[in-house]
Amino acid sequence: MQLVIQSAISGLLIGGMYGLIALGLALAFGVLKVLNVAHGELVMLGGYVTFFLVAVVGLDPFLSMPLVFVATFGVGVLLYLVLFRFVVRFDIDTRIKNSLLISFGLVLILQALAVTFFTADERAIITDYSTAALTFESIRVPFIRLAGLLVAVALSVGLQQLLDRTTFGHAIKATSEDWALASLAGIDIRRVYLVAFAISAGLAGVAGTLIALGFSVSPSIGLGWTLKALIVVVLAGLGSIRGLIVAGMLLGLAEGLASVWLGGAYREIVALGAFLLVLLVRPQGLFGRRE
Amino acid sequence: MLEVRDLEVAYGDLQVVWGVSFDVPERSIVAVIGPNGAGKTTTLRAIMSLLPVRGGTVSFRGKPISGLLTHQIVEQGLVMIPEERATFAGMTVGQNLELGAYAKRARPHRDETMDEVLAIFPRLAERRKQLAGTLSGGERQMLAIGKALMARPELLILDEPSLGLAPVVVEATFETIRSIRERGVSVLMVEQHVEMTLEVVDHAYILETGRVVGDGSSDELRHDRRILDAYLSM
Amino acid sequence: MSKARFGALVAAVSLLVAGTVPVAAQDAEIPESIKVGAVVPLTGPFAGGGAQVERGYRYAIDAINEAGGVYVEEYGTSLPLELDLRDDESDPNRTTAILEDLNGEGVVAYLGGFGSPLHAAGTVIAEKNQIPYMGVATALQALHENGYRYYFSPFPKSPDIAVSVFEMLNALLPEGERPTRVGIFQESTDWGEELGAAWTEQAPNYGYEVVFHEKYTPGTTDFSDLIFKAQEAGVQALLSLPTPPDGFALFKQMGELGWKPEFSLVVRAADVPTWNDLGDVGDGVFLSAGWHPALGFEGIEPMNQRHIDEQGRPADPVVGGSYSLVQILADSIERAGTLDREAIRDAMAATDLDTVAGHITFREDGTSPIENPLMQRQDGAVQLIWPAEAATAEIRYPANE
Amino acid sequence: MRRNVSVAAWFVLLAVCIVLPFSSEDSQVLTIAIQTFILTALASSWNIIGGFAGQISLGHAAFFGMGTIITRELWLSGAPLPLSLAAAIVATALFALIIGVPMLRFRGIYFSIGTLALAVAISLTIGNLFPGITSMPVEALRAYTFTDPYFLALGAAVTTVAVAMLLRRSVVGLGMMAVRDDEAAAGAVGVDVLAHKLAAFAISAALAALAGGAFAFFSVSYYPSYPFTAVWSFETILVTFVGGIGTIVGPIAGSAFFVIGRDTIAANFEGFQVIGFGVLFIVVVLLVPGGMVEGAQRIGAWVVKQGQGRKRDVEG
């Protein structure tokens, strides 16, 4: 029984990570209607920036998060101006299809660049509190994972507040609902797209920090995390920001329990199976509105 | 105030608007009437550069605006209310109105304008916290117009304001338009209902299959049915 | 079909035909060098080990060429060794493609890379093209059981590893203090199954009991359930062979979940210097990389010195093994007296040579009777622990003190 | 006149492909040719579901993998190759029909992500069930020549392209393209949308299995989960788009360009080949949606225009 509880907790904690990565992906999709399959590569870049800040500059990983956000935010701006600026000119349907394909091309480019600049060795960050954990009886909740979940929840709430409370947030929500009407209200939708995409990249960067801390970073980790984020985005209902962290935690929980009952080798397979089932029953996702 | 000269607009290689020209003088209400599919909405969307202009020029208060982006045109004081879905259904009435004043020209006076708009449409004040999607057709039309007024427009464009509204609501809407003009705002309106429109507007242009086939003051057109009947297969 | 489409078609065909650049005919009289083909993972998950293999080959070829190269009786002169080394990106399918190309280039022998999957792919091509293939850093016994004549690997195999672990523990630890409760984290790959079975089979013979044995898919990111189950089963000795990057994730999560068994053996993943990034979470771990400079065999000193000068640390575990392969190849060519592949293969089979990796002879199946040295990472340095007589440090046990 | 020019072109291409193995013993050339045929078969088969029916499936590798594993297991355990191949094709087509019914209910992005998730799940399962490498027995290795696998791969490519050609001109094919252009309108006109999608899905799966069988027969040794990996799905889509989606020549030109390009570029400078294809792919999707075929048409039209221009100057 101990084991089930512990696995469930570990699953929920990792699920927070899935939710955080999905947050950036959903923002880019919700606002720009652009599906960025290279989102995992931005997470990878965030991991390497963190590794540089920690190993070379000597910063504490959690303190480096704002800098990592700014760095990947900048990469997001660059990618938007060089690439996605042209994609948003298409109508919605072609935009989704083309962005899927273009970002796939981006995956190839970013991975090859990462190999040339960072070599293919995988890197990891160790801190003195890496092994710290809160313990109740024999259940252990690792500090890093808990902190990761808190960061994920904080960013999700922060993003929600930005959208609900600030004027610029309203402009973003308006643009994602109807870009033509938004521009008729005097909103410069180009700037909205730029900032929204850059925030999405920044969020990916921060997730990269947590992955560098909890796991390891190498040029090829991107697609694995992107697939998990895609599943969470679809589970929570395309374009909705609200249910992402919860949907991520549910996916993590399903993986944790699957590995307890069926063995480690089947954790991924069961999670994918569960996802397909949910898709069949509720195509608009757990929290999404029926389109 | 608004001069449209030889406007050409096309969707890809399908040309829809052929050499349309018309003017909207200061403090006047002008209408463009024509049957469905005459290219009315396309013309308006081209003026607001929501669609690329294939040929001709559009200038507002003497300055050409065909090269500007939509939000830059709104900044000049030219605001349009689109045909349907003219409000953000997922946001509250209050948020819709606030967004109306997003343009730099209007944002500083937002609260002041808000009071004026709520005075014109008291019903919106009651519904302020409600999601726009839950309003009735008439209320949503009020919100659409209110949102447009929040941008303190000098020229307001309405795309078929009567569409899908009960006659009594249409009557109220036209009344509102007349009052807007009293406040010094010129109006360009695109409509299918000829009789009601002619009662409100000063001048009207007749558009058929993408071409201006005739125009005249509302009195001329109202008395001399022949012009109307000749051009419109009504 | 429009005219232009026909144009596209002709373009496609011409591209295809253009590819057929005729290969340069075998140069006549005395070749300037002995071409040796090598395929090594310089990128991808095995890049850490691949870099060591490449270094070993380079050091050995430099040493031999400086000493005048290899005497080939057929041409009555000594020829330098020329290494044509390519990166297979840790992908078995690139390995097969590169080995086919190298066959076209007329190499006299193949030198393999790092990691069982790459050797598994490579040995088959060597058999097909009938070119002698040598490789280290692979313990997969199965590759020697399919009747291949062209595969030679002077490197400890799964049975050797399984036995040496328990022999060392019984030799170095008194009766009462041994970690008799064994846990196996088995990666679901062919080698994973083979070594997992070998451990399970040997454990009882030495008084150990396998209390936990579970499979996981390579590339897993979350090992928490495996760790909890092992903890619950009271595992004292963890035996694992993770493919890089899994090793990092596994030990990090063991650290986070506060579980450090008395003894842990991490085959392959711990061979790379970046393992020290794990700090004390990864310290005290045993690795079985097949070689150590402290083994004191003839010829180690100059190679180790060059490694210290260039890399700033004694020779990494896999450098010695790969260095010895080039020594064996040079010796085989000299004894064969010709660059004919079949003759070199026969000479290689009859190898009886002292190398930096000890005295090497080959059995019928291409393996060689070699003892499996075991090393422990102590404060970042790789200390030789077993065989006891060449040990450079005392065993640090239990590791979780 | 135009009709027989194109027919002649196809036969010239076929003749070149048939003569090649006899004219050159260089294994490198034959390997490139076989890889091109397999990728052509794979891309042409994906083109049916992605290009004709407009359903962007990201899980094509699953069908390719099933084709390889069924053919390989049966063939290595003694069954005659044609029988193993047939079994693989039928089994894969059936599997596609079974999972197609639920999967094809999804639209657009849901379908793409659903097929990706399904393919990854299958790939992981195969990785667990078949961890060991599969290689030919020693005798087969010794007797291995490139000619037989060459003609099987060529046969797979020719069959797939032929089926695509027939399909494109058939009523079923028109129905698929109607579904691609506007699903609602097609439905309104009486096209059974689900049936056409299912047909496209099953046919493309069966042909992918054929390509898989050719791979199983050609490859000396590989890990059984390799043909299931996502890289095959992505390469297939990349090649079809670069060549020209929805056309017959597209997948062929794209495959030849990709395989030959990868081999020649990879030989001399490593990482840039991947970056190069990434950039090329983006340029195609953004600027030349029709791929090489559209590019050729544009260049052809430009050349013709230049030609007329010069002719007119001369006359003028």
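All chains are identified by letter, namely A, B, C and D, in their written order; residue positions are counted from 1 within each chain.
Everything that follows uses one rule, which is that contacts are C-beta pairs under 8 Å (C-beta built on N, C-alpha and C of every residue); 3 or more make two chains touch, one makes a residue touch a chain.
This one's a predicted model, so the numbers in the text were calculated from it and none came from an experiment.
Undergrad: Report the chain ID whose CA centroid sits closest to the centroid of the full protein CA set.
TA: Of the chains present, the most centrally placed is A.
Undergrad: Counting in whole Å, what is the centre-to-centre distance of subunit B and subunit C, each centre being its mean C-alpha position?
TA: Here the centre of subunit C sits 76 Å away from the centre of subunit B.
Undergrad: How many angstrom between the C-alpha centroids of subunit C and subunit A?
TA: The computed centroid separation for subunit A versus subunit C comes out at 37 Å.
Undergrad: Report the inter-chain centroid distance for subunit A and subunit B in whole angstrom, where each centroid is the mean of the CA atoms.
TA: 42
Undergrad: Indicate the whole-number Å distance between the mean C-alpha point of subunit A and the mean C-alpha point of subunit D.
TA: A distance of 32 Å separates the two centres.
Undergrad: Among the residues of subunit C, which ones contact at least 2 other chains?
TA: 43, 188, 215, 217
Undergrad: Residues touching two or more other chains, restricted to subunit B: which are they?
TA: Answer for subunit B, listing residues that touch two or more other chains: there are none.
Undergrad: Mind pulling the residue numbers of subunit D that touch at least two other chains?
TA: 124, 128, in rising order.
Undergrad: What graph shape do the protein chains here make by touch: line, ring, star, complete or other?
TA: Basically it's none of the tidy shapes, so other.
Undergrad: If you go through all the chains, which pairs of them touch?
TA: Per the contact definition above, the touching pairs are A-B, A-C, A-D, C-D.
Undergrad: So in the complex, which bits of subunit C are touching subunit A?
TA: 42-45, 47-48, 90, 188, 214-217, 219-226, 228-229, 232, 244-245, 248-249, 252-253, 255-258, 272, 274, 277-279, 281
Undergrad: Along subunit A, where are the residues that touch subunit D in the complex?
TA: 35, 83, 86-87, 93, 96-98, 100-102, 104-109, 111-113, 115-116, 223, 227, 230-231, 234, 238, 265-266, 268-269, 272-273, 275-276, 279-280, 283
Undergrad: Quick one: which bits of subunit D touch subunit A in the complex? Just the residue numbers, please.
TA: 56, 102, 105-106, 108-110, 112-114, 116-118, 120-121, 124-125, 128, 230, 234, 237-238, 241, 271-272, 274-275, 277-282, 285-286
Undergrad: Residue numbers of subunit D touching subunit C in their complex, please.
TA: For subunit D paired with subunit C, touching residues are 2, 5-6, 9-10, 12-13, 16-17, 20, 23-24, 26-29, 31-33, 36, 124, 127-128, 131-133, 135-138, 141-142, 144, 219-223, 226, 244, 247, 249, 252-253, 256-257, 260, 263-264, 267, 270, 292-293, 296-297, 299-301.
Undergrad: Using the touch rule from the top, collect the residues of subunit A that touch subunit B in their complex.
TA: Residue positions touching the partner: 167, 170-171, 173-174, 177-178, 180-190.
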